Structure formats: C-alpha cells, structure tokens
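Presented sequentially are two complexes of chain A, the first with chain B as partner and the second with chain C.
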Partner chain A sequence: MASSRTPAGRRSAPSRAAGFLAWAVYGFLVLPSLIIVPMSFGDKDEFQFPPQSLSLYLYEKYFFESNWMDATFESLKVAVATTVLSLLLGVGAAYGLARSDFRGRKFLTLFLLSPMFVPVIVIALGLYLYLGSAHLTGTTLALVVGHTVLTLPFVIVTVLAGIRHVDRNLEVAATVMGASRWTVLRRVTLPLLRPTILVAALFSFLTSFDEVVVSYFIAHVQQQTLPVKMYSSIHWEISPVLAAISALLTALSLVTCLAVAAVQRDRQHG
Partner chain B sequence: MAVFLLPAVLFMGAVFLLPLLVVVYTSFSEGGFTLQHYRELVSRPLYLLVLKNTLEISGLSTGLTLLLGFPVAYHLARQSPRRRAFLIIFVMLPFWTSILVKSFAFTVLLGQNGILNSAIAAFLGDGAKVKLLFNRVGVVIGMTHFLLPFMVFTILASLLTQNPDLRRAAEIMGAGPLRIFSRITLPLSMPGVLAGVLLCFILSMGMFVTPALLGGRTDIMMSNLVDFHVRETLDWGVASSLSVCLIVLTAIFTLLLARVRGGQLVPSD
Partner chain C sequence: MAEEMLRFEAVSKHYGAVVALDTIDLRVEKGEFLTLLGPSGSGKTTLLNVIAGTVAPTSGRLRLDGRDVTDLPSNQRHLGMVFQNYALFPHMTIFENIAFPMRVRRIGEAEIRRKVAEALELVRLPDVGPRRPRELSGGQQQRIAIARCLVYNPNLILMDEPLGALDKKLRDQMQLEIKRLHTSLGVTILYVTHDQEEALVMSDRICLMNRGRVEQLGRPHELYFRPRTVFAADFLGDSNILDAVVQGAELRAIGELVSPAPPGLAPGTRTKIMIRPESLRVLDGGEGAPCTVHGTLEDVIFVGGLTKFRVRVAEQIVLIATRLTAVNDAASATGMPVRLGWSPSAIVVLAT
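Moving on, here comes the complex of A and B:
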C-alpha cells in the first residue's frame, strides 16, 4: 500500500478520515513525553505547568540529594548483567532453533517464548515464593535472573528473525572449507547478526532498567531499583524529582528508539 | 546444533517453569492437598467483582485501542517507506518508554488540579472539572496508551502484506475508495485485527502498574489482588490460586492467538 493518492491526485475519504484521526492519536501517544520535559525544569517543590521560571533545581535534587542515585546504580548494574546473560543464552538458543531440526523443536520454541504470554505478576509471585524459600530474594543475582526470564524470549524472537536474513550458503561455504561449527558461528554467523544483536541488547537493557513488577516482589527495601523507588513515590507521595527522572528516562527511550530505527533501516537497505 | 539450546532451556526450566509449578502447588496446598483457596475465590463476592473488573477494563481498553489503532495503522500503511519510517517513531517512542514515566505523566495530566482540569477550569469555571484520575477513566486511558503500539504494529504488518494489485484491479473496474476500503482492505486486514485484539486483551488482563497507579480502590484488577494478598494479608494460598486463574484465562486467549497466527505464538515474518 505504497501510494497514498488516487490517480486523480485527490485523497479518498477513508484515507482523509484516517489521516485526521491518526494525527490525533500520534499526539496522544507522545503527549506524556512532551509534558514531562518542561515540567522537569521547574524550580519549586510543587508542580506547575508550565513552570514559572526555568531551573535545574529538580535535576540537582536527583543527582545530589537523597538516595535516588543509589537506586539508579543498582538498576544500571542489574540491567547490564541482564543484557549480558540474555544475550549469552538467547543468541545461542535462537541459533540452535534456527539451524537444527528435531522432534519437539516447535514445542521447545513455544516453551522458550511462553514468558511473553504469562502475566508478569504470576512470574513475580513464582520467583518470590521460589527464591524466597532458597533465601535468594533481595540479592542482585535474583533481580538479574528474574529480569532475564522476561527479556530472554524477546532476544530469541529478535535473533530468530535476524537469522532468517543470514544467507545459509555462507555458512555452508565455510563448513566446506573446513571450518568447525563453532568457527562458523563465531566468524560468519555472529558478525552478520551484529545489528540484530545490538537491537536485542538495547531491548534487554531498557526492559530490565525499566522493570518494576518482578523487582517490586523480589527486591528488599534496602536495594530498591530506580523503577521500584519511582513506583513507591508515585503511589504514596508524588515527589517533583520524578519529573527530572522521567525526562531523563524519556531521553534514554528516545535515543534507544532512534538507534533501533536506524539499525532496522540499514538492515532493510543493506 | 541443539547443544546451543541447552543453556537457555535449563535456565528457563529452573527459574521460569519451576517457580510456576511452585505457584500451582501453593494454590492446592495447606498442610496437605486442599481446594480451600479455590473455594474461597468462588464464595466471596469480592473475587467475582475483581474478575468482572478485569474483563470489563480489558475489553474496554482493547476496544478503544482498536478504534484508535486501526486508523493509525491504515495511515502508516499508505505512506511512502521513508515517511513511514519517520512517523513510526511516534508509535515506537511510547513503546520504549517506561510505564512509570507514562503513569507519572498521566497523574500530572489528568489529576484534579492537573493540566487538563486546569485548562477546563480556566475556560469553563471550576464546576466543569471532571474526575479523570483514580477511577476507571484513568485506567482505561493509561492502558489504551500502553496497548496502542502493540495494536498498531500488528495491524500494520497485516496491511503491508496486502497485495496492492487487488486494490488497483478494483479501481480499474470502477470501485470507489470507500468501496475498495470496505470490500478489500478491511476484510483482508481481519486476521491482523483479530491478532491485535487478542494480543491486547492478553496484555491487559495481566496489567498491574496502570490500575495500581491510575485506578481507584474499586477498579483493582486481578494482578493487584495478587499483590494485595502477598503484601497485606500474607495469604500465599489465595494469591497463588488467583494467579492460576489468571494463567488459565490468558492461556485460553493465547491459544486462540496462536490459532489466528497459523500455529505460532509470534509471527514468523
């Protein structure tokens, strides 16, 4: 559906109606991100929109006061570890699924992807009961493991889709010339998958960095992650510092989303 | 090759499957085997009310998301690839934005002294203010915002696979744009629409953050009740039996979704 115009050059009624509604919805979609930014430059401990005068007061509070920074570092640590773990497990799994054929392969795919369709609260409760009985709740390891359950299916799906674009003949050629299976993966397949893996990594990082439900269940009060601290703050007493944090998180999302869009465009053209 | 699969399968078995089994086990046990947690669910009106809430809010949000998402997908499908790549950022940004950032923005936007109500009060006076937060309206607005990218991407994928020759043929044979839309584009997009609706319904039934932060006390959904039992009453048995009900509900719709997608959970192309 590439052409948007009828031969006469006028736009049809359905597409005009859709265009009007579509722009309204685009507005609705970006509205929350848009109002956050001016608010984050407010100079008082109360909400004003638009703020009377601009200042970096809320940013200073975030960076230098209270323990928001501790929570941010905890989240960063968990997100980096989650990204590494989900890539290690996920890229291998996707490669195994794409390049092998055995009975039960479809069932195994279903199993590996199923966390996407299980309500997060159930996963959170399960980990809470399971890790709790092993006295592992409240550790950074528990958070990394819990987040990886959520990100792994997406890494597998992304890499599976990426492998489909990898020309199998290149792998065959390398094998014919005597490369071992491991060398083929390391020297041929993985380099070709680099953009896909980058997308999967960004996704894992951001998902873990923003994850709240599992963390809320298995983190202890002393090792709150940034989203858990934000959740409590929105739930109990809204702190204006949230505006500055939200603006920074929105900037992070925007950068990630543009990076993913760029990678995907390159893949389509390259 | 299957050896590459092993680590992921072992990992998921140990920290996804086993914890789920623990939930199922907890839901049936209290010293020994028992059905008392499930009996409690059917005997207390609160649980039926929350089930009704969950289905109503999910249905309402999914319906609204379809109404808003279809025109967006249709609009995107009719753009040149270059322009589409630009416009799609409007849909991708909220998809990549933390649900907490969005919830925070909505509390500021929809609150009694929020941006929207201040604007209403400035034009129409204080009496015209509407309650948009901590009630069902707030939850549905927040959830629709969360669901829209999923709906748009699913329908867009199906619109983009349509053969443009069909529309061209209809046009040559004299069909007007409305007729082409209602007889070709819309019917052909139905599998995508159905997949989008099922996906959004599945996602909404498990929502936790949005109803907790934007909803009122009477608008809690099943997830919030699970949280309540873990945190407030420490009743893991009831929390687990609620979770099992939630899994069964989502599983039914997930199977339907896999059916619509020709036996796959995730579209393969």
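Moving on, here comes the complex of A and C:
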C-alpha cells in the first residue's frame, strides 16, 4: 500500500480529491445500514432515531415472540439445501466445461450462465408459473429450486475461474502415475479447488438467505422465509423488530465477506 | 542384444492440415537413455505426449514392453513423467507426493514408508518428507519429482525439459545427477530437450527431430562428428557450412582444395560441407597444414576457456576457428592477415 504514496507520504491534490469522493460515495451507500444498528437497540414498539435508551428489547422480541424463529429456520433450511444443490451441479458443470472439449461447449457455458442476464423478476414470474403448474409452489423444494436457479451461474463462474488456476500438468502427472479420472478429481483437482468452492458456498448461502423476489412469488404464507416475512410485515405493522433482524443480517453478510476475504488472502499466500 | 522397451510403428499425428508427426519409426531399448532433441515445433513434445497417452496418434501403432498400447489409456501404461514445472501436488507433503503412485496401486502402508524413505535417500534429500513442495528450491523439487517416478518402477520415464527452469550451474549438476540415477538403476529414460549440450552430455542416443520427422538418430559422437544434413550440422554445436563443388578428384570450396572428392559424387556435383570450428587452426608464421586458406582476422571473441577467431576468407564468407584460450590471444590484432589450416578428414559432406 505504501507504494501508492509519494516518498514523502503526501498525495497530490487530484488523488486526495478522488480519495474523498470514494469515501463520500461509500458513506452514502453504507449509512442506511449503519443507522439500523443504533435503532435496533431501541426499547419502544416504534422506530426511533436516535433511540432514547439502549436495550435488547427488540432482539428479545425477535427471538421469543411471534413466529420469527420459524421463518429463520425455514430460511436456514432453504439456504443450506440451495448451497449443497448448487455446489453439486455447479462444480460438476464447471469441471466438465473446463476439462473437456465438445461441440457447443461455449454455447452451453453461455446457456448455464444465462440466468445472470435475465431480470430477477422475470425469473421469479417464470418459476411461479412453472412450479405452479407442477403443483410445487409453497413447498421448501420449490424455494430450493428457485434459489438454485439464481446461485448456480455464480457457482459456475467462480469455479470456472478457479479451475483456470489449477495446473493441468498436475492432473496429467497424476493420470500418468496410474490414477483414474475419478481419483484425480478426488485427490488432486477438488482439494486444489477447495478455497474456490468455499467462496462459492458462502455466496450461495448468503444469496439464498437474503433472497426476497423469487421467494415472495413461490412461498406460501405458512412457510415464509425470513426476508419474505420481513417484507410482508411492513404491510401490516411497521415493527421495529425489523431493525434488530436487519442488524443481524448485516452482521451475517459482513462475517461472510470477511471469511471470503480471508480465504482469498490465504490462497494468494499459499 | 538389448531388449526393446518402446517401438513406434509409422506413427503420425495430424492437426487438420498441420503435420505434427510424420510417419515416425523409432525403437528404444531397455535401460537406454534416449533424447528427443529439436527446436520448438519439431514434434518432440507431441511424440512424448503420444507415449504418455495424452495425445492419440492419427495413424500407426505404439508398442510398450512388448504390448500394443496405442489404445490403452494413460493411467494403464505404467509410465513415469517429469515435467519442466515439477508438477508436485502443492496440497500434499513431499512424503504424500512420493507415496501417491503407490497409494493409487493400493500398496501397503509399511512398504510405502520403506520405499519413500529409499527414494528420498536416492535423490539425497532424506529429511524433507514432512515438508511442502513450495518450501523446497527448484532443484530440490525436481529431485522429488524424479524420486516420485523411480519409486514405482515404471516401464519408461518420460522427462519433458525437466531442467528448463533451473539456472545454468544447477542444470549442469542435475544433468550428472540424472545420469548417475540412470546408470545405477538401469531405468529407461526418454528425455526431451532443445538444449544440444544437455543432449550430448546425458544421452546414450540422440534422436534429432525436425518438422515432425526424425532428422538423424545416433550416438552423441556420431551426431556431432558425422551429421548427415545441414540441419543436423547446424543444430548441434558450432559449425562452418560451405558450398563446395567436385572438380576431378578434388572437393573444392572458397576456391581451395578442402578434401579428396568423396566416392559416389560425380565431377561437377555441387554440395555442402561442414567443418567444426575446433578443426580449423589459425596457423603461426611458418606452420603448415594439409589444406590452408588465406583470410583476414575480423574478430577475436573470448568466451572463457575457449577463444573464437572470426576470419573473413571471401567477400561473403566468414569462418570461425576455435581453440583453447592462450594468454596472449587478446593481443591478436583484428585486420591482420592470417592463414587457416585443417586436415581433409575433418570435412563432413552433407546431404543437400
């Protein structure tokens, strides 16, 4: 980092202005999330900023009242299942795309990544109609399938990028030494991809756990995920419990991003 | 006398219109150290990959230890391979790297331990077992890669420019190390390099490749002293190549007699000849030689133990003569008239 500075440690005026602008934009983006945090420690059944006195009242409500916990567990269940499913499909697809050569490989890659380029609302509507005709709307399975459509392209892109860093000679060496394709995958390729797969898993989990649009279309009232319940609850009552939940979700995202950063730094040094 | 380990029978490889290998016939004996030498694009790496099973030949058969392996997958050919970038598994310890081929073969843990220890001893790195590849130097990593090949006695060890990433001094040392292992263990090695010196130092035989074909195959001495083509003469070592013509019973170049006409060449035949720089002598004042030519000293190049003299003998022709450096060589003045001498037996007539 020291290299970006002049030897005297001073910066030129344009570079100082750019730095200021960057921080200003960053502050603008992050401020709403930060305001939530003090609000979540309020002690009244209404939004207050700044709160009159600090308490854990809203957190207690989240953990012990209403059925917030049910929604949280539903979200966890869906997120874990989505992560597992999109890793199984995504790692397999990326490996196949990267390590074999067949007609239409490029087209297939583009096709598998296409959900990235379609507006989420369009995907949600499509899934609603499709899963509805299959009588699956309102099931946990439907949510897992729906979320996997969103996370799969991301897993494929991440793992494809990761495989590019795996030296092919390592796989050739293992094969020449007598290993079958499956052994090479299990003992060489996958262990080398572990950091990449971990990153893909964390982002899949987070994407699914935070997802509103698709879930709102295909979940029933009885088995809402946490974000859907939060979104719906705004229509009925503007409960300050949302501030507590939002603060927790922000913390979860933050921890995940830090974990990803740590994994990537580890990989660079390793 | 020797038994055959590997045989190519008219093996070709085409990539569309590009001919990477053009009907190769080649035989490697058991225990032999054969080097595939050639410039990049000459087909030597393709040839190696055909043996390894990572490239399928377009036509022809490949036999390994008496068995047709043309259609056998890589992992059933019982080969070893050493790569330029070592290809050690970064996520495994050195011990696990060397144990890998034995684990694949489901060998017992006790025997694995014994054999890994033996292999590490063989490459003189007995204590590195618990370490990771990245903790070792390049030369050490390559010795581990070689140990990993020796440990399961493959039919044939393929080495793809294994010393290409090392510096000169280490390379010289590793050449002798590999040669020592080859001699003491009697393994068969097929070695790929574009470094002619490496090929000369290490090989029992050299297979010189050019544009997908075998240009010349033979012992290092044969290739160096009796190259058959201009390409072979030019690729191995320094050489002076001249146009020559048969006049009566003489072969003449630069207007001078260079040697008696070789049998089989009719008078008037134009050909090319080669003479190695070390066979050309810069003659002192009254010194004589069977054949001589006059010229002007253009340059004296000091390359350590040897000194090269560039002598212009005709408008377009500069000959290079090499000799062991003498203390007063630096005093040789450029522009000075000199005479070069040689013996007719040093002249090699090349195919055109």
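Everything below uses one rule, namely that the second predicted complex is superposed on the first by the 257 of 270 C-alpha atoms of A that agree within 3 Å, B and C clash if a C-alpha of one lies under 4 Å from a C-alpha of the other, contacts with A are read in each partner's own complex, and residues count from 1 in each chain.
Here is the rule we go by: contacts are C-beta pairs under 8 Å (C-beta built on N, C-alpha and C of every residue); 3 or more make two chains touch, one makes a residue touch a chain.
Small disclaimer: the values here were computed from a predicted structure and weren't measured.
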Could you tell me if A:Leu29 is touching chain B, chain C, both of them or neither one (first, second, both, neither)? first
Touch check for A:Val84: first (chain B), second (chain C), both, or neither? neither
Now for A:Leu190: first (chain B), second (chain C), both, or neither, which partner does it touch? neither
Contact-wise, after the overlay, does A:Gly19 reach chain B, chain C, both or neither (first, second, both, neither)? first
With both structures superposed, pick whichever of chain B and chain C touches the larger number of chain A residues. B
Tell me which partner A:Leu136 touches in the superposition: chain B (first), chain C (second), both or neither. neither
Given the touch rule stated above, what does A:Ser180 touch, chain B (first), chain C (second), both, or neither? second
Would you check which partner chain A:Val172 touches, where first means chain B only, second means chain C only, and both and neither mean what they say? second
After superposition on chain A, the chain A residues reached by both chain B and chain C are none
Going by the contact rule at the top, pick out the chain A residues touching chain B in the complex. 1-4, 6-7, 12-15, 17-19, 21-22, 25-26, 28-33, 35-36, 39, 47, 49, 88-90, 92-93, 95-97, 99-100, 102, 108, 110-123, 125-131, 133, 145-146, 148-149, 152, 156-157, 161, 164, 181, 185, 206, 210, 212-213, 217, 227, 230-231, 234-235, 238, 242-243, 246, 249-250, 253-254, 256-258, 260-261, 265
Residues of chain A that touch chain C when the two form their complex: 167, 169-170, 172-180, 183, 187-188, 191-192, 270
Residue ranges of chain B in contact with chain A within the complex: 1-9, 11-12, 15-20, 22-23, 26, 68-69, 71-72, 74-81, 85, 87-109, 115, 118, 145, 148-149, 159-160, 162, 164, 167, 171, 176-178, 181, 185, 202, 205-206, 208-209, 212-213, 222-223, 226-227, 230, 236, 239-240, 243, 246-247, 250-251, 254, 257, 265-266, 268-269
Which of the residues in chain C come into contact with chain A in the complex? 52-54, 74-81, 83, 85, 87, 89-91, 100-101, 104-105, 148, 152, 158
